[in-house]
Amino acid sequence: MANRYNLMELMVCVAARQLEDGKTAVIGTGMPLAAAMLAQKTRAPNLIIMFEAGSIAPQLVKLPLSVADSYTMTGGLMLSNMDETMATCQRGVVDYTFLGGAQIDMYGNLNSTMIGTDIQKPKVRLPGSGGANDLASLCWKTLVITPHDQRRFVAQVDFLTTPGYLTGPGAREAAGLPAGTGPYKVISTLALMGYESETKRMCVESLHPGVTVEDIRANTGFEMLFADNLIITLEPTDEELDVLRTQVDPLGLIIGKRST
Amino acid sequence: MANRYNLMELMVCVAARQLEDGKTAVIGTGMPLAAAMLAQKTRAPNLIIMFEAGSIAPQLVKLPLSVADSYTMTGGLMLSNMDETMATCQRGVVDYTFLGGAQIDMYGNLNSTMIGTDIQKPKVRLPGSGGANDLASLCWKTLVITPHDQRRFVAQVDFLTTPGYLTGPGAREAAGLPAGTGPYKVISTLALMGYESETKRMCVESLHPGVTVEDIRANTGFEMLFADNLIITLEPTDEELDVLRTQVDPLGLIIGKRST
Amino acid sequence: MSDGEMNTSMGTLFSPPDVEGARQFFAAKSRVLTDKLMSVSEAVTQFVHDGDYFSSGGFGMIRISTAVLHEIVRQRKKNLGFAGHTSTHDFEILAAGRCFDRCDVAYIVGLEVCGLSPQARRYMESGAVQVTEWSNATLGWRLKAAAMGVPFLPARALLGTETFKYSAAKEILCPFTGQKLAALPALYPDVSVIHVHRADVYGNAQIDGISVADWDLARASKRLILTTEQVVDTSEIRRTPELTQIPYWLVDAVCHVPYGSYPGNMPYEYYLDKEHLNEWLEAEKDVATLDAFLQKYIYGTQDFAEYLALKGGEEHLAELRAREPLQRG
Amino acid sequence: MSDGEMNTSMGTLFSPPDVEGARQFFAAKSRVLTDKLMSVSEAVTQFVHDGDYFSSGGFGMIRISTAVLHEIVRQRKKNLGFAGHTSTHDFEILAAGRCFDRCDVAYIVGLEVCGLSPQARRYMESGAVQVTEWSNATLGWRLKAAAMGVPFLPARALLGTETFKYSAAKEILCPFTGQKLAALPALYPDVSVIHVHRADVYGNAQIDGISVADWDLARASKRLILTTEQVVDTSEIRRTPELTQIPYWLVDAVCHVPYGSYPGNMPYEYYLDKEHLNEWLEAEKDVATLDAFLQKYIYGTQDFAEYLALKGGEEHLAELRAREPLQRG
């Protein structure tokens, strides 16, 4: 079993399963895009992928290196611009966005701006929001995929780049963000997490095979909640692995090269 | 002389001379467009004509029947949309607009909405602003072409559809309209008028051949000003008339059919 | 920058800028890929309801969906709201059918250089229609606000005029410059129709030439009916994706209606039929003549194809194709 | 709709939303039809001045004007403001040259999946650059506000975050719904560069594929330099006017630079050179290596053609053409 798939493959497969068919998604490059491609090629053939740079509903043949490169445009229904993608999100037409992030807190708030305390002279300068703040503000459901450790799952983000549930229930609406939007799932190296509907706090829904509650606690900088019906993450199926390895990422850019 | 040209031809020729080469203009159908075409085919070959419906810099081959019809698009540099034309005006890139109007007052305010007192049950319902309010608000210089009589040159418009100088100097700026914009010329059946720079009041600059100051007074419902250097309107040249009749309006839609 | 009082407007806001409600509506609208081909009659029956706020694409007598406008009259839809944006022949048809009772006005009752519509004027002067005044740009930007998902957009038009006073815009001060601006509330039509050059059965659609305000209209509308000159395979859309203006998830119905803009102009296809537009104006001179005219061309016909046949069919349409100045290539 | 206090931001507004000043500038800008073909060196000398606020079109390493970016470094332009909008390799080049000292940040220092730029990080962590934070959509909408000629546009992003706090946006209440919105001030770059697929000598230009924010950028910018893969006759522009994105009166210089986006991707033409992008990242690891690298490729070369020759010339470029997945037709 340990040899049937690696952790990256597990994460991509779990992530892909969160995306319903016939829905719209604005997706970033890397693991989120690998997950969306896998979803499109398995259970969600009519998942509509949009890129923030302006490509709408392409038929992906290969993983792009940029959300604007030629591989985002292959077979597109419409080649437009960033305003169109972002306005579509703001209008309420986009179901999912799928992000990465350097730090995440228990309300799903994300930091991708800096490590340190002074924005004018940060300890580590990171890229900034990019489209993340916009997408997590405007799309209905925000998914995040990230390694699981104490440096990333923190009690307080160094800089609140991108809104999760902010300070808790009602805070997004009070801030003026569109009602009914917010964090949806987090796929980490250890578990699949959602958010408790009452408290809006992050909550483990399933533990990846071999992972314990203690592992989660040891690798999380805040008090993680656990679902009453906590389960073990379903392993990737052979079909998922086959499509992932042969069609989505044959070069192993995301899932790593397979030893032969 | 009386047979060399008619009043419509005179007006179109006088109007055409007001448009400088290498400038931008948003033009409506009818006499304004005939004037713009004549200008383009005589002294202003690089006058850039834009239509509010979205055609940008066409090479006109025939007078369109609508500001959106196929004849607005022939040879266009860019076929775009109404937002592009109007935003271009709002950004300060459009030098001229050229309008008609049912009523005009001494500050160049225009009514094209209604005759009567109750907008919900008008005596005569007219088309409304169309693009006129936008264009006269946003373009640098507004030209108007209209028959000259007491019903049209009125002390007070029944409805202030489109802004001229409103109540006089400074009023446009106080209302929030872009600084430095406003009425520029009026070409009527009797005269060419401008606006006095101090008072912003309409002022005759040249009388059409055979027209007297008394004629103007008798046909104007407000106190018209007259320039110190009042002159007689230069008659259409043979070249202007030839281009107008053979290239701009060979069917006589605007200038009337010529008796043979 | 600005001095003086803030002015208030007194027009009625027929369709409120309820961005949260619109977001909920769009969230629930299906994005599943389904064949939406249907007849004009079905589309109007299913998607246009009495009392709806309706908007018509194109530019009055250019690239309009005459077929749907006739069908709305034929089905005797009533109490519609109407966006009188750059409207001419479209307005004339609905005014002949007395289909609307409230109207956001930018341009109505006229047919540009072709004259004024007697029936449209009678109807608007009768007091039967409540009006709120706007302008072409500001009514278009109301649609853009909705398309962008914001409750308003600022603009520098309308200010200082009675068009503002009888609009439902508001004066605001710019939070950065302090200058006066007109705030334009987002407009979400309940249902709109747009006539396009080509669409696939799902509703992916392309428009050639200028698109007027249809990019924003398609996005602002809660329900959208397309009529199209041509139904094409999706692969053709994917071959020229820069020309796609309307993606399928905005669309509720796709109706194949060749010559669907007649007697209006369809750029690159056929020019307008000025003689028939004059026939309309002539017939409107009194109510009895108009009733007979409507009976002949709309109430007494089954569908738009019958109307085209009455107007001379293929032979006449070929002539209008020959009159069209824009050629492809 | 909203409760709670209005929040204020503390970022510096590097370029004020002075719509009246911009209108005056655009009024005075020549719209005369003149041949604007010139070399990249001339264009940068004439139109990019120390201290200008500069913006770069495309998307970081896709359809960028590498030639102009190199020339800015080569001419040792200093104290630029920079719109860090979707920037990656463009930012990396200017950070290597230490050309800017203030930056509106949406996305900087990263190269998406290709990694982070050590020099860009060093430069941004040194305190030499003043930053104001935004996001891709909101920085893009700032350009749209300028393009539309309004001092601000409202948006529903940024709210509730420190990205807002360190931006120069303002919270406002919608005059219709009362809901909280972020007001985004118009951004007018002093000078921008956009790399396009084809342009005529006057500056009428077309972009194939996605245009990112370049429609608005071209309109918001006071001065605009185009570099183009192909110089075409105006008749070709008039043959496909739906594809025109930039009319000539927006443009100050047209530079003919085939492969002008190298090592970036030019959709439909050539794919990006990931190996050379990695070479950049490698060279940045320490300052001495970087200096030698810049000497070799930028300071020590006359122009962009020399750089292309150093990178393998036609043979290597043909390979990148072969790697491009989008084919015309």
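Each chain gets a letter, A, B, C and D, in the order it is written, and its residues are counted from 1.
Here, a contact is a pair of C-beta atoms (placed from the backbone, for glycine too) under 8 Å apart; a residue touches a chain by one contact, two chains touch by 3 or more.
Quick caveat: nothing in here was measured; it's all calculated off a predicted structure.
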Along touching chains only, what is the step distance from chain A to chain B?
-> 2
Between A-C and B-C, which chain pair is linked by more C-beta pairs in contact?
-> B-C
Taking each chain's centre as the mean of its CA atoms, chain C sits from chain D at a distance in Å of 37
Provide the C-alpha centroid distance between chain A and chain C, rounded to the nearest whole angstrom.
-> 40
Quick one: chain A and chain D, Cα centre-to-centre, how many Å?
-> 28
Chain A: positions in contact with at least two other chains | 73, 79-80, 89-90, 138, 178
Contacts with two or more other chains occur in chain C at residues 1, 19-20, 149-150, 155-156, 179, 181, 209, 242
Chain contact topology (line, ring, star, complete or other) = other
Pairs of chains, among all present, that meet the touch criterion = A-C, A-D, B-C, B-D, C-D
In the complex with chain C, residue positions of chain B that touch it = 29-30, 51-55, 61-62, 65-74, 79-83, 86, 89-90, 109, 113, 119-134, 137-138, 159-163, 166, 171-178, 253
State the interface residues of chain B toward chain D in the complex, per the touch definition above.
-> 21-24, 46, 48, 56-57, 59, 73, 75-80, 87-93, 95, 138, 140, 178-180
Considering the complex alone, what residue numbers of chain C touch chain B?
-> 1-4, 58-63, 84, 86, 88, 105-110, 112-114, 116, 120-121, 124-127, 130-131, 133-138, 140-141, 144, 155-163, 166, 171, 179-182, 209-216, 265, 267-268, 271-272, 274, 324-326
Taking the complex as given, what residues does chain D use to touch chain C?
-> 1, 13, 16-20, 149-156, 170, 172, 174-177, 179, 181, 183, 185, 208-209, 239, 242-243, 329
Could you pull out which chain D residues touch chain B in their complex?
-> 19-20, 22-27, 29-33, 146-150, 204, 219, 234, 237-238, 241-242, 244-245, 247-249
